[in-house]
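In the two complexes below, chain A is the common chain; its partner is chain B in one and chain C in the other.
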Partner chain A sequence: MDAIFLQILNGLDKGGAYALIALGLTLVFGTLGVVNFAHGAIFMMGAFCAVTVEKILTLSVRVKDESVTFFDAYKETPYLEVWFGDTGAAIIDWSVPLSIILAIPVMLLIGIVMERSLIRYFYKRPHADQILVTFGLAIVLQELVKAFFGANPIPQGAPDVVAGSAAIGAVFGLGEAVVYPWWRLIYLAFSLVTIGLVFSFLHFTTYGMVVRAGMADRETVELLGINIERRFTIVFGMAAVVAGLAGVMYTPVLPPDYHLGMDFLVLSFVVVVVGGMGSLPGAVLAGFLLGILQSFSSMTEVKDIFPGIDQVIIYLVAVVILLTRPRGLMGRRGVMES
Partner chain B sequence: MTHTKIASPKQDILYMAILSAVVLTMPIWLQPFGAAYPDLMQKFMIFGIFAIGYNILFGLTGYLSFGHAAFLGVGSYTAVWSFKLLSMNVIPALIFGTVLSGLFALAIGFVSLRRSGIYFSILTLAFAQMSYNLAYSVLTPITNGETGLQLTQGDARVLDRMAGIQADASLPTPNLFGIEGIGYSGFYICAALMLISFFIYLRIFRSPFGLKLRAIKSNQNRMGYTGYNTRPYLMTAFVISGMYAGLAGSLLAVTDPLAGAERMQWTASGEVVLITILGGVGTLIGPLLGAGIIKYFENILSAFNDSVLQNAFSFLPDWLAHGLASVLGLFVGDGWHLTLGLVFMLIVIFLPGGIMEGISRLWRLVSSSASSTDDKEKEQPSTKEA
Partner chain C sequence: MSDTKKILNVSRRTVLKGSAATTGAAIIGGTFPMHFIKDAHAQTFRGDPGNSSSVKLGFNVPQSGPYADEGADELRAYQLAVKHLNGEGDGGMMNTIKPLNLKGNGILGKKVEFVTGDTQTKSDAARASAKRMIEKDNVAMITGGSSSGVAVAVQGLCQEMGVIFMAGLTHSNDTTGKDKKRYGFRHFFNAYMSGQAIAPVLLDEYGAERRAYHLTADYTWGWTQEESIKAATENIGWETVNTVRTPVGAGDFSQYITPVLNSGADVLILNHYGKDMVNSLTQAVQFGLRDKQVNGKNFEIVVPLYSRLMAQGAGDAAKGILGTTNWHWSLQDEGSQAFVKSFGQEYGFPPSQAAHTCYVQTLLYANACEMAGTFAPWEVIKQLEGFEFDGAGNGPTLYRAADHQCFKDVLVVRGKQNPQSNFDLLEVVKEVPRSQVEYPADMFGGELGPYKV
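Here is the complex of A and B:
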């Protein structure tokens, strides 16, 4: 029972990341009709926003180490600590959550620049061309990151307050031994909130309503005199922000390296296809579902029966779904059928 | 590609003769480019085979597979197993490698080809990733996991033992009845196989079967309306291209009898897509050109490093040389993939037909400007007369 509970949490947690990336992919696909293979790279760049912020905050100066008295010793101390003392140390400790403030405008900018300078020329080109050009872009982005940050994963710490584990078992009446890392709980909450924000933006604002109308029938909306292309550009930027934030928040869970994006991209595409191309609820549902399935299949009990199942479960599910329900779980008729 | 001229068999023979001459004299004419060493030329041939096989699927039918590296990997593993169990002779290795990847392609194609468009791409991608993950985890007894499958002294080599060939102290190398699979002889083995594969590929291009595959690309529905069941044609194309990939994979094992799972990773599948696009999708010779160019520049550029660059710019003032070297350093050496990605993007954006389209555009430009000057020359006397 305890194990099952923890696996569900694990799965929801992982599923949160999948769902956020898949949500962005689906948004872009539903609005612009573009299959974006560079979306994983955006996730990765979000993660490196966090790395950059941490690097800036910990810019250090050599100061004399006062604790060593019998010879002159020096240590590297961040400027922030030199200037602000404990407050500075606290700021550094909170670098990952703080990166969000930087990541939102940066990712929005990256998204909009990407769309205006490259993607918009590919609206009318075949999907194969879109896949290829964004694949090229993904390679370029990840190689740039590799050139600046090196090839090794760069670990990022969560704030000390939430670095430990939560005694979550007691809350659900499962016993004290059931604990779960705080940060992962936060990540789960964060992904739920973000998904909620995106959905309420689309459903409860006029702007979102116009975007949805554009998704359903672009021509009519244009005939009404609305510049739908501009809104779609903003949506692309939004998708980039969602993926970027997912990346920022994921850094304490998994140290980011330059091919983080590629690893997640393949999975997210599978998620999108399982959910149904162009269906936002489908993407979210499939994200969480596949996350849970993956974490259950990595239990030793399951692995004993089906060795290696944890490696292939997601792909296996995708194959089965595509063969039995060709449109995915919640795909709409007429989307991507030609 | 609309301009499909049906060439006569005689022209094809001429075509093959020219190609053979060009390929077989590679060790001579590649000398000035610094690429005339067997290792690299073998790579040209192997990736040429891989790319023309891929072109049969993607170029003719338009189905964008993102999982072809899986077949390459299966070919490699099979070939190494054949070296271990049967014989160091390359013939069984190549046959088993090709046939087994063909069977593997049959299984994957059976499922993937039920869908088209981006779904097909993702299904093939899913299968390739599945094979890659399995090769690293559960299939370790077969694939030897991260270390990679390699030859050992104690391998069975049943056929070799029966033929009375005893392994000496050093590890045996793959050979074709005593002709070694490495060095110049190895290059000629690869070149011969490449030419044979190219001939088959040429015949497929020219055949009614090839025409039907093109019909599927231009309009699959209409093809169905005319009474064709397209699935068997697609399936055949998929299996053939899988076998080409398997052949390329087993040749890789011949040149270096070590098979690792990273050959199956999806970036490796991306590479063959890149090669094909760069050369020219759906063109005959394009994929070969693409393979040559990419492998050549991979080899040249990744050998560059900062000190080489510094030397190259040493005639400039120091600060400028430093700046240039550090900027260009991004694009060479380890950063060669950045160049590759950029070039690839530029090709997809501006020249979707690849290098072959570029050549034909240039050709038209040259020939039209030549003909316009002809016209002027013709006109000029008449104006004088007037």
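Here is the complex of A and C:
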């Protein structure tokens, strides 16, 4: 029972990350009709916003270690700690949540610049062209990050108060031994809130309503005199912010490196396809579903019966779903079929 | 046609017989010019620099992909080795390795040059770049790499093509075990040695009553490390609760870590390397494993194969964690100091264990050529086989002839609690003597194969 409970939590947590990336992907596809393979790279750039903030906050006074003779080794003390003592240390401790403040405008800007300077020229081109150009862009972005930050993962700590584990078992009557990291619980809550915000924006604001109308019938909306293209550009920026924030918040779970985006990209596409191309609820549902299935298939009890199932489960499920429901779980007729 | 034959009255066989007799007589009679006889034992071979004034070596390292930083460090070490071989710089370990026939005038008087390839830490890419360097650049030797999968693949290719492979960082028992090759040599230690070295330290630190849970990277290196560490820890009385294989590059290991919480295990052994290790260790610590008390003892995590670059990636999570390494820059012996000095002055930071093994491998190959008096690989191999030396950083070392594995002291290290500087991440807990990690050459099976291919 404990094991199943923990695996559900793992699945939800993983699913949260998949859903956030897939949400942006499908939003861009639904509005602009672009298959954006650079979306994983945007997730990675978000993570590196956190790294950048941490690097800035920990700019340090360097005192040479005289015991080392053949090269210069330094003991580093951040300026913030020198100047502000414990307050400075606390600011550094909270660097990941603080990064969100930087990540929102930066990711919005990156998204808009990307769309205006490159992606918009590929709206009317075949999907194969779009995939090629966005994949190329992803490689350029990750190589840039590698050139600046190196190939090694860069650890990012969660704030001390939430760095440990929560005795969540006691809350659910499962005993003291069932614990789960605070930060992962925060990540789950964060992903649910973000998904909620995106849906609310699309469903309960006029702006969102126009965007949805544009997704359904772009020509009519344009005939009504609405500049739908500008709104779609903003939507692209929003998708970048969602992916970027998902990246920022994920850094304490997975020390980021330049390849982080590619690791998530393929899985996120599977999530989008399983959910149904262009369907936002489908992307979220498929994200959580595949996350949970991946967690359960990794249990020893399951692996004893089906060896190696954890490595193929996602693709197996994708095959089964596409065979039985070719448009995905919640795909609509006509999307990607014209 | 038949007319011509009749007139000359010779057949191909007669010509062959005649020329063989003439050559034989000439050699016996000593009438043949010496330059025909010199190099006569060296039949043509790949990578032969011939009359050229230089010889080329092929450095096949990961320049892209997850081990690019480690690959960059390997390349730095190779460039330093080339410099020292050509008589530039302070000579580094050329002044400390004994015996050594190198004079600082290249190899056999030929200036050392090099070409590089990118393994991408993928077997097929590594083989393709090694093949290119052999066929297009005519390299005399291939070296480098940061993965056992790659090392085994490239080593197999080098055996087929008759070019010596001096392995870089590869820790699987298979490299010099079931997949060993006559043309392949490994200076780096292996999983079995890690197990033998770390087990007594684990016994001292954590006691004999322990229950271990293994998470293992699902490929050749992970499998052999799991097998070796499991055997070594069971030998000191530990019980193995479970061994679970994890896909390489899993990223999030939570689904593999949560079952550990209630498994009754009080030690988690991570048979992971590189990014996998950074991720699994960070996440295991987040799940509170190190704060846990199980069976009345503190829960412990062990990382059998450690490196400074990884400790850097794992940050605070690596503090206090035990593991083993091939070498560390803080060693105080003459050879290590000479190398750290050269490397540090050249690049401004200390070398990694990958850099160390690559540097030593290059000097050892060059020295074997000098000893053989030729670049002919079968002669160089004979010099490397059974070669005993000292002054390269791990005490007296033997390149065992039967499996081409180097035997030397192994380091048990621990992630440092209070680093003095940005490079001070590991502390050496124990230098385990070579005698404690030796094993019979036939233990892991395999055949070396022929000298001439």
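Note that the second predicted complex is superposed on the first by the 323 of 338 C-alpha atoms of A that agree within 3 Å, B and C clash if a C-alpha of one lies under 4 Å from a C-alpha of the other, contacts with A are read in each partner's own complex, and residues count from 1 in each chain.
In the analysis below, a contact is a pair of C-beta atoms (placed from the backbone, for glycine too) under 8 Å apart; a residue touches a chain by one contact, two chains touch by 3 or more.
The model shown is predicted, which means the values in this text are computed figures rather than measured ones.
Aligning the shared chain A places chain B and chain C in steric conflict.
Touch criterion met: A:Q311 reaches chain B and chain C at once. When the two structures are aligned on the shared chain, A:P155 is found in touch with chain C, with no touch to chain B.
Look at A:S298: by the touch rule set out above, it reaches chain C but stays clear of chain B. In the superposition on chain A, A:D129 makes contact with chain B only, while chain C stays out of contact range. Between chain B and chain C, more residues of chain A are touched by C.
Of the two partner chains placed around the shared chain by superposition, chain C is the only one that A:P181 touches, whereas chain B remains out of contact. By the touch criterion defined above, A:L329 lies against neither chain B nor chain C after alignment on the C-alpha atoms of chain A.
Shared-chain residue A:I8: touches no atom of chain B or chain C. Of the two partner chains, chain B is the only one touched by A:L137; chain C is not.
Working note: chain B versus chain C after chain A overlay, options 6-14, 78-86, 114-122 or 168-176, clashing stretch identified as 168-176. Common to the chain B-facing and chain C-facing surfaces of chain A are residues 146, 311. If you check the complex, the residues on chain C that touch chain A are 65-69, 218, 242, 244, 247, 249, 251-252, 254-256, 258-259, 261-262, 275, 278-279, 282-283, 286-288, 291, 309, 312-317, 337, 340-341, 343-345, 347-350, 420-424. Listed in rising order, the residues of chain B touching chain A in the complex are 62, 64, 111, 114-115, 117-119, 121-123, 125-127, 129-130, 133-134, 136-139, 266-267, 270, 273, 277, 330, 334-335, 337-338, 340-342, 344-345, 348-349, 352. Every residue of chain A that touches chain C in the complex is listed here, in rising order: 2-3, 6-7, 9-11, 13-14, 17, 65, 67-76, 146, 150-155, 157-158, 163-165, 177-181, 183-184, 252-255, 257, 259, 263-264, 294-295, 298-300, 303, 310-311. Put simply, chain A touches chain B in their complex at residues 35, 118, 121, 125, 127-129, 131-133, 135-140, 143-144, 146-147, 262, 266, 269-270, 273, 277, 307-308, 311-312, 315-316, 318-319, 322-323, 326, 336, 338.
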